[in-house]
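Both complexes below contain chain A, partnered by chain B and then by chain C.
After this line comes the complex of A and B, so read on.
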């Protein structure tokens, strides 16, 4: 019952402990960060069982019952996101042990990393809309600093751009929350949903929805608002790129958008149509922009824009099947995009370059990186039987079922373009003749290999999540929360004890 | 600093008038900050505002006497330690609520309203926040000052 606040308390406590003692005790940052993410991963898996038993749990902070106090809510969607975030965060911290040894001030890195994790877990677990904003800012500000971690010219520029765009997004979100608060006089999401239902949405929802699309769209980097992402994500150290591209844009952008649109506002069909169009645009253009890139991390960043489009398309179709597909793709994208960014980090670690033109034939020297990268690439391109195939299949089938034939066709063809640029990445980096000066290249250290192999294993086994029992427990229980729409409020107030 | 005037090497900081006034006021500013913090649950203000005023007293010192003296009183490492300590203290108070069954539970006796020792954990939270905010703001100010110096040396 009381494990919900631990998702926020553990990483916060670990972050402050690392910043206090990490400078003096050299081994502490690695040890504490890995212990922290490992325990969070185990707790998140435990929470799946708890949700199956109780349905939904509402935690009253300081025993103040909502709508007066702040509540933390653990339902299907929350535990789905918590599992995604914390499991991948664990593999990323495992990878960081060797990778971050190149940088000075590892303790600063872990402090910021854990603060960002605390912010993300807070966004996911909270049931209060202003609390959501606060945690969103914690995660976002930590990520601005992490993008600038190398403090070279390029990184500072990217971080500045990211900070400006991110702050703009936060102000739109805050403005939306202010308008909602002035209309409903409550900040609790369940209560807000009730009030909106009783009072009628009025004109305010019509005004707030575009603000939220702008704000969360900027955070999620869907197409017209994506400009910061291809700079920010490649500039960060590889574990952070994996964290940002794999998790942050999904938690701050997509999760928050879904939660508010489906469960609080209950927006109209037209809004979902707008989301779908935005999704298709970013899916297509992101893929085309990715083809031309030579910087491996930049290509992966554009690929993120494209894949976020798939998730948006699924959300926009808004049938239960499409939502399940979108959530499944969210999980899959989190695993293979983190894997691919970790691969790019391993290449940079060993060869010292990110330019595809200077690579080639790395398979002979870096077999583990090559193999895991191949699995990740094929999975993201939708090759059966890897995980990406199944989630894309569900989204496309849902589009056909909802009679959006054009969208389904576009989604299927973008998948082919995705395959094209990932084959280009594979060919130029890992196959063909060995690049100049790469004769002495060595494989990445053990912990980096372990993290990559584990993520690749999840990519291979991802399709197993479609087994009926697992699917009901993990993805369908999350999709049901969203499909319930305004029913969320009833369940929240029903499960307060 | 190579700049020298006729009276020999220039002293860091501002003129004698500013220094004298600062010497008189800086303690009062600090005390006022502490007052705002400990009366946070009774009067307007609290940990954030009080921490800010405490940090301002050190920044005042730095502006009037130059960075060396202020850093001697409150070094960069101390700022970093106090900031983390504030965070940990706040989290510990929140976690101690678990003794009563809830995160952030106000588990201490509330006392009589408007007494200095009342409101349970709220004054303790204010003290933790003031440490975090005060040390954090001072650390940001130090960072800005050092950035300026680095630029000059280039």
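After this line comes the complex of A and C, so read on.
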């Protein structure tokens, strides 16, 4: 019995059960969702051990061998992403217990949440490009609904924009897949990679690459395809903002892009350069936009655009060191960005506002939120010894090594702007004089505090991932999959026999 | 565990314990802080005697205690002990003491870690961490400190981000992160970029122009012990230590090269501009803060000369400045503690009320002004000799640097005349002249520092230079000029004694003590001569007035300029994001068209 399908089956099953019984049994949605994400978290950690032992696992759905049937693949990159997604999803569900209590219809929330999680796990685990598209749509459609969860004017508008632009992206991705299918006559990613190698890339790859950059780039909110994000991410309830900004854009955007570009298409140097340029643009302009915001969640949303730029820069440099740095930053960004969104949720929960101008001096009333938010802010701004410092360090070192001096300089300078707007956030929200009418503000409830503390602890200890053994096991094994390029196909077919 | 770890790890552990300690438990925090700092100091003294020491992990030389880092570590530990003792008096009864002592101890551990690190990554981690503790400590000053702390961390932390770039370039050039024995020549753009980015970090920490603006801003709002310990002494030690490291060990600076001239020019500008700002300040702490910036100029000048005497002068000045500036800030804290204000207008006549503080402050003030035979004179004299030596060896422009340095020194003296008059002499406001010296915990550290000023001045060559400065630079110091401190001190003492005898013989019989008066009328409160307006006229001098007005508007503040440029772009971008879906879709379409064009 392989554990790979469990990553999709468990959340799907839980979503089904929650939607069926959640309305009547009040405690069921919380309980089931937390059990589900907790077990997924444990399974994902177990999968790290399995990959270390076996190298790669391929699960054949219905026992059909890969070129014919759909396969699920568990390799270094998959298990890196699974760990990132499922561990953080667990903390987010933990947080949701208290946070979502003020919304009606918790069961609807959890159903959609778990569907989205199933979709993300599916995108990560699948070895079939059309299957990837299907899972991507499951996750995306669930997220459209979740953004609109508050059904106020603002939420509906944001959700509409998000849905229109997201569908545009999906259709371009589908178009790209159709072209690839017509050229290679296969949908299995490993097989497609082999066929492309045998037939030569031809004009078709050159045509598909821009389609994919638009499609996945829009999902990842890379500039100039980012415009939906600053509306959509702040409008969702805080746990969903954390999920979207922390995980969804990375799984649907970055992961899918990396997997297809590195392992299937084997794109040209030119393309990587374009990715790098797009990364630098997002990084810089995202930071410029973030510093002008007064809505705390909007600031965080623009910050996501900026940080995704760092990851894209690492991917675009495409040396093994840069890829490792990008993946490391992906993991770190997932932790601190979800932490910061959870903090913003705690502030909204306690004070009822997201406007930085109406806050101030919250440290005295919300010490846990204040302290964890400071840790998250310092970490994302790259202050040592927190996790964000190490990943930015690797990306900048890799940029200098690859002789992209200007990129390295921009990355370092944007880091200063990042520090500036996070300190603005800290100053306006937590330091300074207490805002008007905030004398009776209380700290967030226990489960919310627990989730924030746990994520802050990961931010502090993130540097430990750099210890050679851990780094090899967790990040380097993922980076190696990408660096192997077409070697992916050989390993997939090798591990079937 | 290697013995070099103890002075780093123990303050960290103690700091975390203190931080987590509940509010109810009294005195334990203070005792932990005191014990830790005593312990660290004794370990460091022990290590100093055993130097050189090093710790190697795998192939990397991680920590190293050599002559330079040894003496810096020693003084960091000593200063930490003094500040903890001082805080017993100053912070008594204040809120959040667990955080205060916790962050202070972590600052101690982090600074020692930064100084001992030989590995650049390790160094960066400690160095950056100090920015966070600085931010938190400035914030201990209460709600008003929020803006200043933010500015401080943006400048200090931002320069750390640039340092990453410098470290990256060094790694690219040498394939190693080790600082020791790199000796990279500054002959190509990359090396110069690496040097300048690393120097940025050193400048921001030490507070040299143009990265100094966070120090005056913080001085008004941060708790005085924090200002005294971190920006006034610790950060000077760290910043100049690192500048010395990069200029002596990591890079070779040729005399007369561009980099050397940049350093010298920045040093000279720092001295003059900051002292001009100090002259017109109305707040005691802010005045001291501008001097803290100004003095950095001498250190940068000294190191920029690149000859042994100049470098030794720069390093010695770093040490001396840390001592007297620390003392001055502690005195300002004592005054604030008693009078609840540091506004020069509201102070006066404290020489009778606080005699020990007065004497300590006077000695430190004379030392910073470079009055012989105190320590500030010796090191400034060495810097001057370095500059003259620079001229002898063919450097251009040396006259300019020398003039700036000497002129700056004169202005410093002038500014401290104002301070001494406004705070200690003159009349007491509202007749509050009763004796009100601070407690022993607060006057003792200042008195110790004043004593050090005298000791390091009179016995400059016998103690500090022999044990700390000379070993730190590999070359022998040759002194083109002569200054025999002990002899001069003797002469000065004889002069004072003779003068006193003459005074005693001549006038002691018809001494009359009276209230101050003008034209036979007793002096009224509104006729008080405050020191504040001593140099007000310089603000009206045609060209200078322009500069002062610009400075007031923040034109020389790199932080403000940076922010203006940033927000200019931000506003444009915000206007572009108009929230209309069709616009956003048009961007996507445009984007994909460009992609098709580029990737065809």
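General remarks:
Everything below uses one rule, namely that the second predicted complex is superposed on the first by the 495 of 497 C-alpha atoms of A that agree within 3 Å, B and C clash if a C-alpha of one lies under 4 Å from a C-alpha of the other, contacts with A are read in each partner's own complex, and residues count from 1 in each chain.
Definition applied: a residue touches a chain if its C-beta (ideal position, glycine included) is under 8 Å from a C-beta of that chain, and two chains touch if they have at least 3 such contacts.
Bear in mind that the values here come from a model prediction, so they are computed numbers and not experimental data.
Of the two partner chains placed by superposition, A:146 touches none, neither chain B nor chain C. Contacts of A:20 after superposition on the shared chain: chain B is touched, whereas chain C is not. When both complexes are overlaid on chain A, the residue A:417 reaches chain C alone and has no touch with chain B. When the two complexes are overlaid on their common chain A, residue A:399 makes contact with chain C while staying clear of chain B. Residue contacts after overlaying the shared chain place A:265 against neither chain B nor chain C. Of the two partner chains placed around the shared chain by superposition, neither chain B nor chain C is touched by A:359. Which of chain B and chain C touches more residues of chain A is settled by the count: it is C. Contacts of A:289 after superposition: chain C is touched, whereas chain B is not reached.
Listed in rising order, the residues of chain A touching chain C in the complex are 160-161, 164-165, 168, 172, 206, 209-211, 213-214, 218, 224-225, 227-228, 230-231, 270-271, 274, 285, 288-289, 291-292, 360-361, 378, 381-385, 389, 392-393, 396-397, 399-401, 403, 405, 408-409, 412-413, 415-417, 419-420, 423-424, 426-427, 431-434. On the chain B side of its complex with chain A, the touching residues are 80-81, 83-85, 87-88, 91, 94-95, 97-98, 100-106. Residue ranges on chain A touching chain B, taken from their complex, read 2, 5, 9, 12-13, 15-17, 19-20, 59-63.
Looking at the complex, you find that chain C touches chain A at residues 121, 124-129, 131-132, 135, 139, 143, 145-147, 149-150, 153-154, 157-158, 160-162, 164-165, 167-169, 171-172, 190, 193, 563, 566-567, 569-571, 573-574, 577, 579, 581, 583-585, 587-588, 590-592, 595-596, 598-600.
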